[in-house]
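Each structure below appears as C-alpha cells.
Consider the two complexes below, in which chain A is the common component and chain B and chain C are the respective partners.
Up next is the complex of A and B:
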C-alpha cells in the first residue's frame, strides 16, 4: 500500500478516512444514506486492498474501469469480483435505466399535472447550472463534450449524468459519475443552508394555498406519461431508453399492478442503488481520484449544483412577485431534480419557520418537472455535441 | 455527428437553454390541454349519468 508515489500513498489514507466519514455521516442521515453507506465502505476498502498484480504493477481485484480489450476483459471478468456488475450494468448505462425505472415508480406525476406551467417554469430556472457551467468548463480547458458531461451535474440527476458522460465523454465517465453522486448526496447537507441564506425567514414561512388544486386521476396520469414519453422519444431518440425507463415506472405505478410496483420499488430501485453506491466506492481508487482533471471536475460539479440552486430560487422569487406574495420562493430549489430529496429539504426548511405551511405538493411538482427538463437538456447536449 | 462544430460554447449553452425552455413549456401546454380534455369528458359522463337517473 505504501509502495510507489508518496502522493498516491497519502491519497489512499485520505480516501480511507473519507470513506469512514461517508459511512458515519450517511448513518447519521446528514448525507444521503442509500448511496453514501455502500460508497464509503467501498471507497475505504478499495484503497486499503492494494496488492502486487504482477512483479511491478499494483492494483486491486475489485474492478478495472478502463479495460476495453475483449481477451483481457474475459480474464478480468473471472477475477475482479465486481467486474461483471460493472461491465454488464454500469459501463453500458443499464444501471441508469434501472434507477430511472425505480424513480418513475416512486414519482407522482399528479403534482406536476396540478400546476404544469408554474412547475415547469421553476424547473427551467433550476437548470441554470447545467447550462452556465458549460462555457466556464470550456474556458478551463475541457472540450465541449467533456464540458457538457460535467455541466449536466447541475441537473442533480445521477442516471442522467451517467448517460450523458457515457455518450459524450466516455474516458471521463468514471470521475464524472463519482463527482456527480458525491455532490448529489451533498445537496442533502448543503441546500438547507443555501435556502436559509437566500430566502429570508418571513418569506420562507409563506403558506401556500392548497384549495384550488385539482384532483388528478390515475388514468389521467397514465395518459400524460404515455403521450409525453412518445413525444420526447420522437424529439430525442438518443435519450429514448431513459424516457421509456422513467415513464414505464410512472405507468406501472398508476396502473395499480401492485406486484410490479413492489418489484420495481424494492428490488429494482434499491438493488441498483446499492450496487451503484458500492461500485462508485470501489471506483474511488487513489490513482483515479488524484488526477488533475478530477480536481477541475470537482470544482465544476459543485459550481453547477450551486448555480442550479441559485437559479431555482431566482425562479421562486419571480413566481413570488408574479403571484403577489402567494408563492413561497424557497420552493424554487425543489426544481433541482434530485427526486425527492430537494422537495423534502424545502418542506423541512419551511416547516422550521412555519409548522402549518404545507408546500410539498408544489415542491414535488417542480421536482418532477426537474427530471423532465434535465432529460431534455441531456438529450439536446447529446444531439448537438455527439 | 457533431452538429455544433462551428458554434462557440456560449452559443451552445444559449441554444440548449432556449430549446429546453421551449420544449418544457410545450410539454406544459400538452399537460394543460390533456387535463382540460379529460375534465370535460368526465363532466360529460357525469351529466349523462345524472340525466339517465
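Up next is the complex of A and C:
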C-alpha cells in the first residue's frame, strides 16, 4: 500500500465505503436489493483483498477482466475463482441472454397488445436519452462506437447495455456495465422524485379506464410473440440472441408449462441476477474504476437515463392532451424499459395520490414495448457502427 | 370460435406488411447507396413495426368484440 499510487489506495478505501453503503441502501429497499446487495459486498471485499497490492497490478484473485491471451486465460481460469463465470457467461453475452429469458417469463405481452399504438408511442419518446446522448458523447471525445454503447444506458435495459458494449466497445465493457447497473438501481430511487417534480399531483391522480381492457388468449400471445421474434430477427440479425431469449420466456409463460416457468422465473432469473451483481461488484476495483474515461461515462449514463425519463413523461403529456385528459402523464416514464421496475414505480407514485387509481396494465404495456424499442435501437447502433 | 379465424385478415395483412418491410431492409436497401438506401431502410423498419402493430390491433378488436357481445348478452332480458 505504501509503495502504491496514493490515489488508487484512496480509491480502494472509497470503494469499500461505497460497497457498504450499497449493501445498506439495498437492504433498506432504497436501491434495487437484488443487484445492490451482492454488488456492494463484492465491491467492498475485492477492494479490501487487493488493498496491499501495488497500484499497477491488474486483475485480482477473484477475476481478471482484461486478460485476452489464450494461454494466459487458461492459467487464470485455474486460479481466479470467478474467472470461469466471467469468461463463459459475461464476455460472450450469455448472462444478458439468461437475464432476458427471466424477464421474458415475467412479462405479459397482452398489455402491449391491448394498446399497441399508445405503448409504441410512449416507448419511442422514452428512448430520448438513448438517442440524444449519442451526439453529446461524441462531442465529449468518445468514438461513435463508445458513444453508442453508453447512450444505450438510456434504455435502462441491463442486458441490452451488456450486449451493445460487448459488440461496440469491448475495451469499455466493464466500466459501461458497472455504470449501467449502478444507474438502473438508481432509477428505483430517483424516478419517483422525477415523477413528483414533472407531473402535478392533480394529473398524477388521474384514474384510467380499466373497463375497456380486452381479454387476450394465451394462444394469441404465443403467436404474436413468435411472429414478432422472427420479424425482429430478420430485421436485426445481430440482436437475434436477445430477441430469442426474451420471446422464448414469453412463449414459455403463455404455454403454461409450469415446470419451465418456475425454472426460468426462479433459477434462471434470480441465479443470473445474483452472479451479475456479485461479478459487477468484484469488477469494481479501483484500477478499473479510476480511469478518466469512467467519469465521462458516469456523467453520460446519468444524462441518458435522465433524458429518457423526461422523454417518457413528454410522451405521457402528449397522450394526455390527445385523449383530452383521460391518460395519466406519469405513465410515460414506464416507457423506460427497466421491466418491471419503472411500471411499479409509476403505480406506487400514482397510488400515493389516488388510492383508487390503477394504471399498472397501461404502464406494463409501455414497459414491454420499451424493451422491444431498446432492442431495436441497440440493433440499429450495432448494425450501423460495428 | 377460433380467435385466429375471427380476425384472420389482420393476421395475414400484418404478416405481409411486416415481411414487405423485412424485404425492403434486407434485400432492396443493401443494393442502393446514399439517401435512397437509408430511406428504404427506414421505410422498411416502419413497415415491419406497422405490421406487428396491425396484428396486435386485430387481436384487440377481436377481444373487444367478444367482450361487447358478452356484455350485451348479460344485459338482455331473461327468456321465459
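By our rule, the second predicted complex is superposed on the first by the 374 of 386 C-alpha atoms of A that agree within 3 Å, B and C clash if a C-alpha of one lies under 4 Å from a C-alpha of the other, contacts with A are read in each partner's own complex, and residues count from 1 in each chain.
The working rule: contacts are C-beta pairs under 8 Å (C-beta built on N, C-alpha and C of every residue); 3 or more make two chains touch, one makes a residue touch a chain.
Predicted model only: the values in this text are computed from it and were never measured.
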Contact-wise, after the overlay, does A:117 reach chain B, chain C, both or neither (first, second, both, neither)? both
Between chain B and chain C, which makes contact with more of the residues in chain A? B
Classify the contacts of A:227 with the two partner chains as first (chain B alone), second (chain C alone), both, or neither. both
Regarding the shared-chain residue A:381, is it in contact with chain B (first), chain C (second), both, or neither? first
Under the stated touch criterion, which partner chain does A:324 make contact with: chain B (first), chain C (second), both, or neither? neither
On the A-aligned overlay, A:144 touches which partner chain: chain B = first, chain C = second, or both, or neither? first
Output check: A:259 vs chain B and chain C. Expected answer is one of first, second, both, neither. What do you get? neither
In the superposed arrangement, which partner chain does A:212 touch: chain B (first), chain C (second), both, or neither? second
Chain B and chain C footprints on chain A, overlapping residues: 112-113, 116-117, 120, 214, 216-217, 219-220, 223-224, 227-228, 231-232, 235, 376
Per the touch rule above, chain A residues touching chain C in the complex are 112-117, 120, 212, 214-217, 219-220, 223-224, 227-228, 231-232, 234-235, 376
Within their complex, chain B touches chain A through residues 1-4, 7-10, 12-13, 15-17, 19-21, 23-25, 27-28, 30-32, 34-35, 38-39, 42
As the complex stands, chain A meets chain B at residues 112-113, 116-117, 119-121, 123-124, 127, 131-132, 134-135, 137-139, 144, 147-148, 214, 216-217, 219-220, 223-224, 227-228, 231-232, 235, 369, 372-373, 376-377, 380-381, 383-386
Which stretch or stretches of chain C touch chain A in the complex? 3-4, 11, 14-15, 18-19, 21-22, 25-26, 44-45, 48-49, 51-53, 55-57, 59-60, 62-64, 66-67
